[in-house]
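Lettered A, B and C in written order, each chain numbered from 1.
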Amino acid sequence: MTISSLLTPRRIAVGALCALMLSTAAPTLAKTPKDVLVEVGEHGPNSLDPMAPAANELSQMVAWQIYDRLVTHGLKTLPDGKTVYDATKIKPELATSWNINADGTEMTFHLRKDATFHDGSPVTAEDVKWSFDRAVAAGGFPTVQMAAGSLTDPNMFTAVDKYTFKITLPKANKLTLPDLVVPVPNIVNKKLALEHATKDDPWALDWTRKNDAGGGPFEVTSWKPGNQIVFTRFDDWKSGDMPQMKRVVYREVGSAGTRRALLEKGDVDVSVGLPPKDYAEMAEAGKVKVIGTLMQNEMFYVDLNVTMKPFDNKKVRQALAYALPYDAIMSQALYNRAEPMYGADAAKGYAPKWPVASPYDTDLDKAKALLAEAGLSDGFKTDLYIDMSQTTVQEPMALLIKEQLAKLNIDVTIHKVPGSDWFAKMGSKSMPMDINYFYGWLDYPEYFYFWTYDGKNNAVFNTPNYNNPKLDALTEKARFLDGGPEYDKTISAMNAIVMEDVPRIPVAHLYSDIAMQPNVDGYVYWFHTNLDYRFITKH
Amino acid sequence: MTDQTQSPQTALAPATPDRWAEFAHLLRGNKITFAAVLLLLLLVLLALIGPAIAPYGATTTDATASLEPPSAAHFFGTDALGRDVFSRVVIATRLDLAMAFGAVVLSFAVGLILGPIAGYFGGWADTVIGRFVDTLMAFPLFVLAMGIVAALGNSVGNIVLATAIINLPFYIRTARAEVNMRRDLTYVEAARMAGNSPWRILAVHIVPNILPAMVVQASLNLGWAILNAAGLSFIGLGVRPPTPEWGIMVSEGAGYIFSGEWWTFTFPGLALVLAVLCFNLLGDGLRDLLDPRSRT
Amino acid sequence: MPLLLTLLRRIGSAIPSVFGVILVTFVLARALPGDPAAYYAGASATPDSIAQIRSQLGLDQPLIVQFFGYLGQLAHGNLGQSTSSGQAVLSDLIERLPASIELTLTALMFALIVAIPLGIWAATRPGSWVDHLCRLLVTLGAAFPTFFTALTFVYIFYFQLDVAPEPLGRLSEIYYTMPPRVTGLLLIDTLLAGDPEAFRAAFAQLILPAISLGLFALAPIARVTRAAMLEALGSDYCRTARAMGLSRGRILFVIALRNAALPILNVLGMVFSFLLGANVLIEKVFAWPGIGAYAVNAVIASDYAAVQGFVLMMALLFIVLNLVVDLFASMADPRVRYDD
């Protein structure tokens, strides 16, 4: 049997197929219409309302488009021309103005008088009050997020009159105002929702899960869960400049290869969630536009569980920090769609920001010496865990680490954890080593520390199970300082502690990447990393 | 359910020693089956000596040579981590064949116990085993395999187990039907009259005669076992990295189709296709041999 | 009405296996790794928020309570709520089933159109190179992993040659209007709606996924066609027909094929149910909004209700399908009886 005898019939079949399809394929159409945006991503929303139980992250993307919030952030242009949101600027959305009293405990918002919900009914302070009550009562993630801004109790919220809404806090919190921008305190159409409330479901979560109860710039006109969601512009929107897109279609396409092909062929306008290799190649080829923005308050790292042997020994942790094949990870796993977070000069101290680069770099001699000091010259066996939904990056990285550590006689077994198990696994603090990343919606280093290093809070993201009372005290102190030299000193001190102690080995600061047709403009990087359809234009 | 898929003719070919001579004759007459046998020999040889002839280590990465197209240094090119695709394909042969044979042997063995019991004794044993088979058959098989591997963890052993479980009904049915057909034949009747116990009759007089039909089933299943493992790899439930295995290499390589690094998926894919083709053609050839009525 | 009685008996005898399926799926779903509560608590989860979600999902109950709760729901036709789509599982499945059925039927149609002539051709020249070529072709078709074929097709016909439409599901709603749902099968609904353009578009979308899937079905169909035709051609009535001087074509396509129809029909039932289960990976590649892609996501996300609902529906579908095939078989051949 020769190869050619295998190929010939196939070639015939290929020819026949082409003929068949040429005769039936739709006539080549102009690519997507000018006022319609077509976006493809791996997953879609499982709810139109992030308050609903078990709502996924994409529901926040939807809420961002279909709901208004009291305030939003301004935009700024970076020196390299990218547009990002400006965390330092708060801008009106539903509220046209607001006053905060001297000690920061009373915030009064004056609402837009002409704003309406998608069903045409006016937006009033009653709706705002009800929406806030709902967010603190919903439980789960929304309630936790509200609490970050000290918004915990319905008694804090008052509808002063039809267009005035007041928040009363026990103690000023610099996070309160930015926390009003995130897609959690969304302003919901109270009257409409209540028509669908039941005794078991007083907040009508089951209805808003499937239906649009918002007043934002876009309405959901069709939603096929697991398939596609169609947004249509709300032409009576008053809380900002009228978006240019009349319609946005978000399609779920499971295969990343297909998502890349669709974009390169011009059949979709925007493709999100591609492997870094694809972004790197498409950016290089220049046929489509790739925008990579350094994520805010983000770090990509390897965690070492300080409560498990042998990582309870600081010397072993430092040895590993000197052993990781950083450059290979940057080029072969991340394709340089990130900035290195290693090789800093420790003597210079750490800037009062996050993320900062670690003082470690690949140096196997130092690593060997440190292991010898720890009495582990003969190496050891350990387990490295990665998130299966992140394998395109994490698997090559894990393999590089495994191979590198073998040089130190460290035998690493790689475990791929299904996405459904990942948070549970993190919460159980049972992984000796894992690859992970975290980013904060709110741009404060201590916010990152609170979620990922704090031993008292010991959140899911503290996978090293790190508990350092000294660091916790500094984190607590920083939370209630609003800038200034004392704040900077505190943050730098915190950075110095975690770099010296290395429960977590910093590797990279990732880009939030997105690829689009050259005629798509107006992309803005937001803390939630989703596309904001308000600003998208096509030419 | 009924046994419509089983062709009753297979039962009629007696198991005689001269079948091998006949087989050899058939091979000469049937070039395709002959080629398949040669291919099988090659695969087995590769499985035995693969690691010895591979020019590079299966897991040796090389940062300076990632995604290189095929060349004299790397016959099949290199993958994203600079690993030699040729070496990985060659070394994977052993694991892939072992997984396929492992799964088939497992379901073969269990089928050879449960099937004859159901077929010979009938009654409640038949009912219970029949219900078990019906239940398994009512599952969408690939999703069942996914569920098993996802639940038990993606190790080689569990992939083999899942593949064995989803193939089990076919073996039980084949064995049951074959035994059922022979239960009342004269020579079995004679053995019964001679005072042999039912177990002895089964073991000595019946089961050896149903083996040929079971072997056909097994060889047809080998290819399916490899495809099943490949499918599991595609959704992330394959063997643990960095173990070289064709299915996982193809599914990893599938991510490079649109970026033009065709060698990362074509070569492991070709190896996989050749193995599956080889097993299927062999199974076909064996079936021809055992089922004289389907040939001229 | 002996036929009706035997039908009822067959349905009755399927009940234990349906129960078996329900039980096994329930246990398997619970054994899936991970904690859906922790999964959906997601970022910023705290032990409290996880516990809260767990109780919202009813996962804090003992397993046996959950199982009986589930049986009770089933009795009311309630398959539960999918965590990953946020919808009732039943409505998800009803929404998605037609897409998978249409894909599978088209694949089957393709397989029949290719495999039956190949089988007949092979049967007319047994042992010749034609016979071997047919065998090699159909075996080759089944030797490729489905996702591999699917991606390669997309690469060649869409990405390189540009003759196939974009692999984006069943019908581009940007350019065409979805026809009102009557059967759920777009090829029929578009015609009912009098929209030939949409019909063409829907058909074009179907070609690549259907062929990727149908390649798998060539081998069993061609094989059974060949065997049945050989048998029919060697039978007395064909010999008689030949002796009577009937044309070769008439003997082949009318007399022999009619007699070969029964075994082909029998294998079709098996092939259809196999394809319906095998299209999970193809749906993923073509973003096909069917139940296969749904099931894959459900297993990966430990979406209990969706996994259970999917498997249960497939099991019921297989049982119905087997009944239908048997029914057809009994109509085609009165010798077939339902005696177990």
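Rule of thumb we're sticking to: contacts are C-beta pairs under 8 Å (C-beta built on N, C-alpha and C of every residue); 3 or more make two chains touch, one makes a residue touch a chain.
Just so it is clear, the model here is predicted, and its values are computed rather than measured.
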For the chain pairs A-B and B-C, which is connected through the larger number of C-beta pairs in contact? B-C
Centre of all protein Cα atoms: which chain's centre is nearest to it? C
Between chain A and chain C, tell me the centre distance in angstrom, where each centre is the average of that chain's C-alpha atoms. 38
In whole angstrom, how far does the Cα centroid of chain B sit from the Cα centroid of chain C? 23
Distance between chain centroids, defined by C-alpha means - chain A, chain B (Å): 44
Multi-chain contact sites of chain C, meaning residues that touch two or more partners: 32-33, 136, 140, 151, 154-155, 159, 284, 296, 300
What are the residues of chain A that contact at least two other chains? 257, 261, 264, 388, 418
Each of the following residues of chain B touches two or more other chains, namely 31-32, 150, 236, 254, 257-258
Would you tell me which residues of chain A are touching chain B in their complex? 1, 256-257, 260-261, 264, 275, 277-278, 281, 325, 327-328, 331-332, 388, 391-392, 395-396, 398-400, 402-403, 413-416, 418
The chain B residues in contact with chain A across the complex are 31-32, 35, 59-61, 63, 66, 80-82, 150, 154, 236, 240-242, 254-255, 257-259
List of chain C residues in touch with chain A within their complex: 32-36, 38-47, 49-50, 52-53, 56-57, 82-87, 92, 95-96, 133, 136-137, 140, 151, 154-159, 161-169, 172-175, 197, 200-201, 203-204, 207-208, 211, 284-287, 289, 293-294, 296-297, 300-302
Residue numbers on chain B that touch chain C, as the complex places them: 1-2, 4-5, 7, 29-32, 131-132, 134-135, 137-144, 146-148, 150-153, 223, 227, 230-231, 234-236, 247, 250-251, 254, 257-258, 265, 269, 272-274, 276-277, 280-281, 284, 293-296
Touching residues (chain side chain A, partner chain C) in the complex: 6, 9-10, 14, 17-18, 20-22, 24-26, 28-29, 32-33, 36, 38, 40, 45-47, 52-57, 139-141, 143-145, 209-210, 224-228, 230, 249, 251-255, 257-258, 261-262, 264-265, 267-268, 388-389, 417-425, 427, 451, 459-460
